[in-house]
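Sharing a structure here in structure tokens format.
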Amino acid sequence: MDILFLVVQQTMFFSIPLLIVALGGVFTERGGVTNIALDGMMIMGAFTSILFINKMHGSMSGQSLLLIAILIAVVTGMVFSLLHAYASINMKADQIISGTALNMFAPAFAIYVARMIQANGVQQITFVNTFRIPKVPLLGDIPLIGGFFFRNAYITTYIGLAILVVSVIVLYRTRFGLRLRACGEHPHAADSVGINVYKMRYAGVVISGGLAGLGGLVFVVPTSTQFNATVSGYGFLALAVMIFGQWKPMRVLFAAFFFGLMKTVASAYSVIPVLNTLGISSDVFKMVPFIATLIVLAFSSKTSQAPRAVAIPYDKGSR
Amino acid sequence: MDYIIEMLNITKEFPGIIANDDITLQLKRGEIHALLGENGAGKSTLMSVLFGLYQPEKGTIKKEGKTVRINNPNDANTLGIGMVHQHFKLVHNFTVLQNIILGVETTKHGFLKMEEARERVMELSERYGLFIDPDAEIQDITVGMQQRVEILKMLYRDNEILIFDEPTAVLTPQEIEELMKIMRELSEEGKSILFITHKLNEIKAVADRCTVLRKGKLIGTIDVEATSKEEMSEMMVGRRVEFAVEKGEAHLGEPAFEVRELTVGDKHHAKKKVKDVSFTVKKGEIVCIAGIDGNGQSELVYAITGLMPIEKGQILLDGKDITHATVRKRNRDGMSHIPEDRHKHGLVLDFNLAENLVLKNYFCPDFQHRGFLKFDKIYEYADCLIDRFDIRSGEGLTTPARSMSGGNQQKAIVAREIDQDPDILIAVQPTRGLDVGAIEYIHKKLVAQRDAGKAVLLISLELEEVMNVSDRILVIYEGEIVGDLDPKTTTFQELGLYMSGSKRKERGEAV
Amino acid sequence: MNTERFKERGMLFLRSQGFNRASASVTAILSGLLFGLVILLISNPSQAFDGFLIIMKGGFSTGAKGMGQVFYFATPLILTGLSVGFAFKTGLFNIGAAGQFVMGAFAAIYIGVKWTFLPAPWHWIVALLGAALIGGLWALIPGLLKAYLNVHEVISTIMMNYIGMYMANMLVKATVYDSRKNLSMITAESSVLPKGGLDAVFHNVRSSGTLDYSTVNSGIYIAIVVAIIMYVILNKTTFGYELKACGFNQNASKYAGINEKRSMVLSMVIAGALAGLGGGLLYLSGANGRQLKVIDVLAMEGFNGIPVALLGLSNPIGIIFSAIFISYITQGGNYLQSMDFVPEVIDIIVACIIYFSAFALIIRNIITKLLKRKKSEGGEA
Amino acid sequence: GGTEPAPEGEGEGEGEAGYEIAMITDIGSIDDKSFNQGTWEGIVAYAEENDITHKYYKPTEQSTDAYLAAIQLAVDGGAKIIVTPGFLFEEPIFIAQEQYPEVNFILIDGNPHNADYSVFRTDPNTVGILYAEEQSGYLAGYAAVKDGYTKLGFMGGMAVPAVVRFGYGFAQGAEAAAEELGITSIDLKYHYTGNFDATPENQTLAASWYAEGIEVIFAAGGLVGNSVMSAAEAAEKAVIGVDIDQSIESDTVITSAMKGLAASVQSALDAYYSGSFPGGESLIYGADKDGVQLPMATSKFKTFSQADYDKVFTALADGSIVLKNDTDAESATDLGLSIVKITLVD
């Protein structure tokens, strides 16, 4: 039973940041701007917020500290994403180039600043994790469910799920969502009905930046005690999850959990009955999540299609 | 005078071209005002200026006598100006309803309130007989219905000035008829309409006045009642245009092309797109497949040309079975294809003109040696085609196809396909969106092809073209051939009945 | 008269697309460097200008050997840059160069260690072919998935990166493992790429009179030749014409009778073979060169190919220059360590250069306008 | 110099260019919680105390040539003595000691040899320093079992000799303590993670072990420890740190299997500056030379006392306890232990 609880809890640690960042990807791509800089934005968000936690350690702790850190991560991601928005919207730049540049910039910047401001030129930023909720009052006592979702938990998990719900509503139930999607499919049509395509695209990119920044923080907090200017390529995995989820929030949720579960199983196989006796090398287990994803994709991609105008700079005059 | 809109001395330049040169256009309240001009004359540009998509370098726009600034479509909307664009501006994976309300959504705290909108849309739809399915996605509906969606979009916004940019280019005769009726109703209600078309019949049918442009300049505004079609076309082109296609008797030869019991399925439905279609095209004959859009013409052509798999049947070219041949093999065996969608199939927009002109034969010994392209030969050949087919573009053979005008893109495709000297030329709507001069030219080419003893299969939605050009008409309805008619003995009326499925040949009748 | 014509030629060149594009890249580079200077000034004002000079001196900072190192590090960059750039030109985004690269590297190492029965030139030639083959195979899977099952190549190549990384680790451990170092074994002498005369140029003379050789070897020749071949394929052959046509418009390619699925798979395979070859070239550099590290970290060389391709505008010839440039400036950044700077400064500068190169389109338009104005002025004069 | 802490290269003496003591980092960063960091701390401590310029250099890649290039950069930068941590420097130093006879080298964790291991030679300007990590691991394993832990885990970064020695020692220490206490069975899960990084995968692995009942994990893989600590915090279990005293990083760290990186570097530097450089020698720092230890002051043992520690430490130092190390067994299961049941997780 403990193992089962563990698998579910650990799955959250993989899935929630992937979910949040992939949803960010959905917003930017649905608005027509591709953002391969999600990884860099995660790094930037994690960097500033963890630096903040590091600095505030002693004077603050617990959920209030985490909430402020979340705010900082979101704002950092948003500000950083403006660089991408400016290049790809105002300057009509190749969005892959701009994204690649930001992906290169973020870790270099994080290390550079950390070394400049920390004693002894240390690049890692350590933090004390005071954010774990061992057991959510009341809910944690519910049999099964409590063990799965309300013990050894983080508020970020619930924030992530809340973001999913909000994303679904925003994309499909609001004026903003309708307009954003129009800009990603047919910006000329949007323009001709008086929608400011540039503004909407900015919004999409900035939302993705905020969510990616948050995702960076959410990724680091439960799984380490320091930040080392990397999110282990999870920004790219989030991109993959977004495509896997066919640019639709609920499918993204499925994709994130599928991948997260695979990752957990592949990492925890040594204590999972059946798997631990197979005598298969750990390298094979490590490959499993990726192979499984490819197989699922092979069966589910036939009708998958990216937003039509994604990655194409919007130019009023072009036809 | 009661002018609702006045565009005074408008000048709009694009790099290297003055699209509108000092043009004045005055629209009376409640009138239908046609705008006529060759391809590239500047009609769309002028309307885009009025709609706020472009800012003119010079000139003023007045509404009801007051000078207004229209900086973007939003401003236009506020002034009650709506536009149906030449190329529909609809989001393909949105529903009809979503497309209609986009930009003017009714919301409560930012949340969409679709029910109210739906009621209003259905009400409008009923009032004007603009039948639509509000929940269908744009990508699943016919062009005709898309057109209705565009019109509903304008009506939903309560616009009083309606701009129609070539709305009829993609419609069937019935749909055109319907549209004319709606336009008349709208003008009777007091709405003012600007109507762009290349078809003089339509102007004659609905317009009160007509402004003619040529090469960006204003030629004049005339009273439609008092002007003949010939006079109008002369104003537009600067010379006389032949309307009837001059063609002599057909000299029929051996069967060149044969289709036997061809059936094409549908990915989504059990219903077949094409059902047991059989016909023959003889050498020296132009056979036309007429029908309302969406009755299986596209699928039939895709199946014949190898772009779509078939379920059953047989295709013979010059007696040889090519049912399962590759596209390349069909082309080499003498099949040419002017496709329906020039941007999807006809051209590689990122290649230049020359590269596009050899798209079907870059691999021939003339143009390559051991896998290396012979660019001098390619350019020579392209120059020759550009010359012969009068393909106009900014930078000659190195012009990126993307930056060419639609008409010239079409000419490039026609040039490429006809120059293959095909045994069977499959031409799908070869003149869509072209001006009369260009249409005349392409029709002549089709007839010349026939007179050289080649077979031509024409697929067209335009009755005029069908009647003028073809030697034999096959009518397609819901994937079946329901009529085999002789244009000389058939009336428009009768053809229309076949096309709408009200009349059909007896089963077993020979085709 | 003659000078007139010369002038005209000159103007023609100035207005040519190639020049226009190259000048846009150069402008981006200059802007990026300028930004780098600002960062240097912020981090350590007293040494900023000296530091900047070192960056500009790049590989030359340590004489001929340093330049040799520039070419050595440029070699895999050219190949992975070509891999990404070639795919770009044919409408695909190959983000999987890392996996292809490491699998190619493994193949080369395996052959280099085990197939000692092969004599000298053949041994490294076969090892390189093996690297290209395995790299190509590694890209074949995403290619097939894309062509026949509509799986987006970005996601499948990302997955293949990780699978490749673990696979290479596993295979190295099973076959050519030096457990004392946690590295792959050193490949046989016969499999090491020859110096190809480069040692005669790229070396320094120590005070003791002995020679200090650069690591560079004939891999750089191979990289340049491959780049030229790619250029010819893309621009001069029917095969390249077909691949590009498919990249730009699949439907039109099918209409034109091109086997568009086959072309797509081939594009991917070629891209993979290029990256794999890059892995082979890097890891066949002898006992003092690289050995494959058995660690769960993606090969950075694969990702570095993306900026190289982008800065080179995906043009194979442009990629040669951009790879050498990035290698040059990275070497400069390495020498920057001799002052009080955080070494990551150079990464920031390269990122800025790439970022500004995203503005190339705008810069290009400005240049075109300027030249046009000059032309009309010249015409009036 | 030495007036104020600065990131690097601090203490630049007036009139004299360059940096006298240089360190070349292994490919990891200077703060890898492992040999790079320990070595650097030793250098900084000694240099600041004696007001000597110092600096570290990062090679461009992990290859002999690149390491040699970094050494050259350091020599050009005025280095008189160069410290290189990690066995990967064995070949570069083998070459460099001959190339730069006027420069001295301190090679941590290895002895110079050529590419195919056929020639081992340490020149008079070089000293090789190895550690008896198995003794350090032994202390940790012994203390853990003595302190009441019976379900143990070992997570090494990669199976390189130093890490292997830590692991073997850990198992042998546990066996010895169990024997003394009369415990009949100790479980030991044994795994190499394949990297030296903090990753969610490592955290998950550790969390799963804790969930399965493991009480303490010896994390011998640099930043891998941070992942293990994170898992331990959640599970309220214990961690044993490695190389340096890691108790400040997390409350879950009950002790650390230290090796005296900093101390040995300091003593080698001191020897150099006092003219008694042990050139040509290959030193092994074990308990006898205070090369290994547990930081008892910061350790959180319940029952294991300073006296217990001193006793076993002395036994190691005087050679009465002899351990098997990486050259004696192919795998941890070949150590011939009877009480400790090793489950290899491959």
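Some notes on this structure:
Note that the chains take the letters A, B, C and D in the order they are written out, and that residue 1 is the start of every chain.
We take it that a contact is a pair of C-beta atoms (placed from the backbone, for glycine too) under 8 Å apart; a residue touches a chain by one contact, two chains touch by 3 or more.
Since the model is a prediction, treat every value here as computed from it, not as a measurement.
Taking A-C and B-C together, the pair of chains sharing more C-beta contacts is A-C. Averaging C-alpha coordinates per chain places the centre of chain A 30 Å away from that of chain C.
For this pair, chain B with chain D, the centres built from the Cα atoms lie 77 Å apart. If each chain is reduced to the centroid of its CA atoms, chain B and chain C end up 47 Å from each other. One inter-chain figure worth recording: chain A and chain D are separated by 36 Å, centre to centre, where each centre is the mean of the chain's CA atoms. Contact with two or more other chains is made by residues 169, 296, 342 of chain C.
The set of chain D residues touching two or more other chains comprises 6-8, 194, 197, 199, 201. Multi-chain contact residues of chain A, defined as those touching 2 or more other chains: 115-116, 121, 281, 283, 286. Pairs of chains meeting the touch criterion: A-B, A-C, A-D, B-C, C-D.
Chain D makes touch with chain C in their complex at residues 6-9, 57-58, 60-66, 68-69, 72-73, 76-77, 87-88, 91, 95, 99, 115-116, 158-161, 193-197, 199, 201.
Residue ranges of chain A in contact with chain C, taken from their complex: 36, 83, 87-88, 91-94, 96-98, 100-102, 104-105, 107-109, 111-112, 115-116, 121, 233, 236-237, 239-240, 243-244, 281, 283-284, 286-287, 290-291, 293-294, 297-299, 301-304, 306. Interface residues of chain B facing chain A in the complex, by the touch rule stated above, are 51, 53, 72-74, 77, 83, 85, 87, 89-94, 98-99, 102-105, 107, 110-112, 153. Taken in their complex, chain D has these residues touching chain A: 5-8, 29-31, 44, 189, 191, 194, 197-205, 207-209, 211-212, 223, 226-227, 229-230, 233-234, 249-250, 345-346. Chain B makes touch with chain C in their complex at residues 305, 307, 326-331, 337, 339, 344-351, 355, 359-360, 362-363, 368, 371-373.
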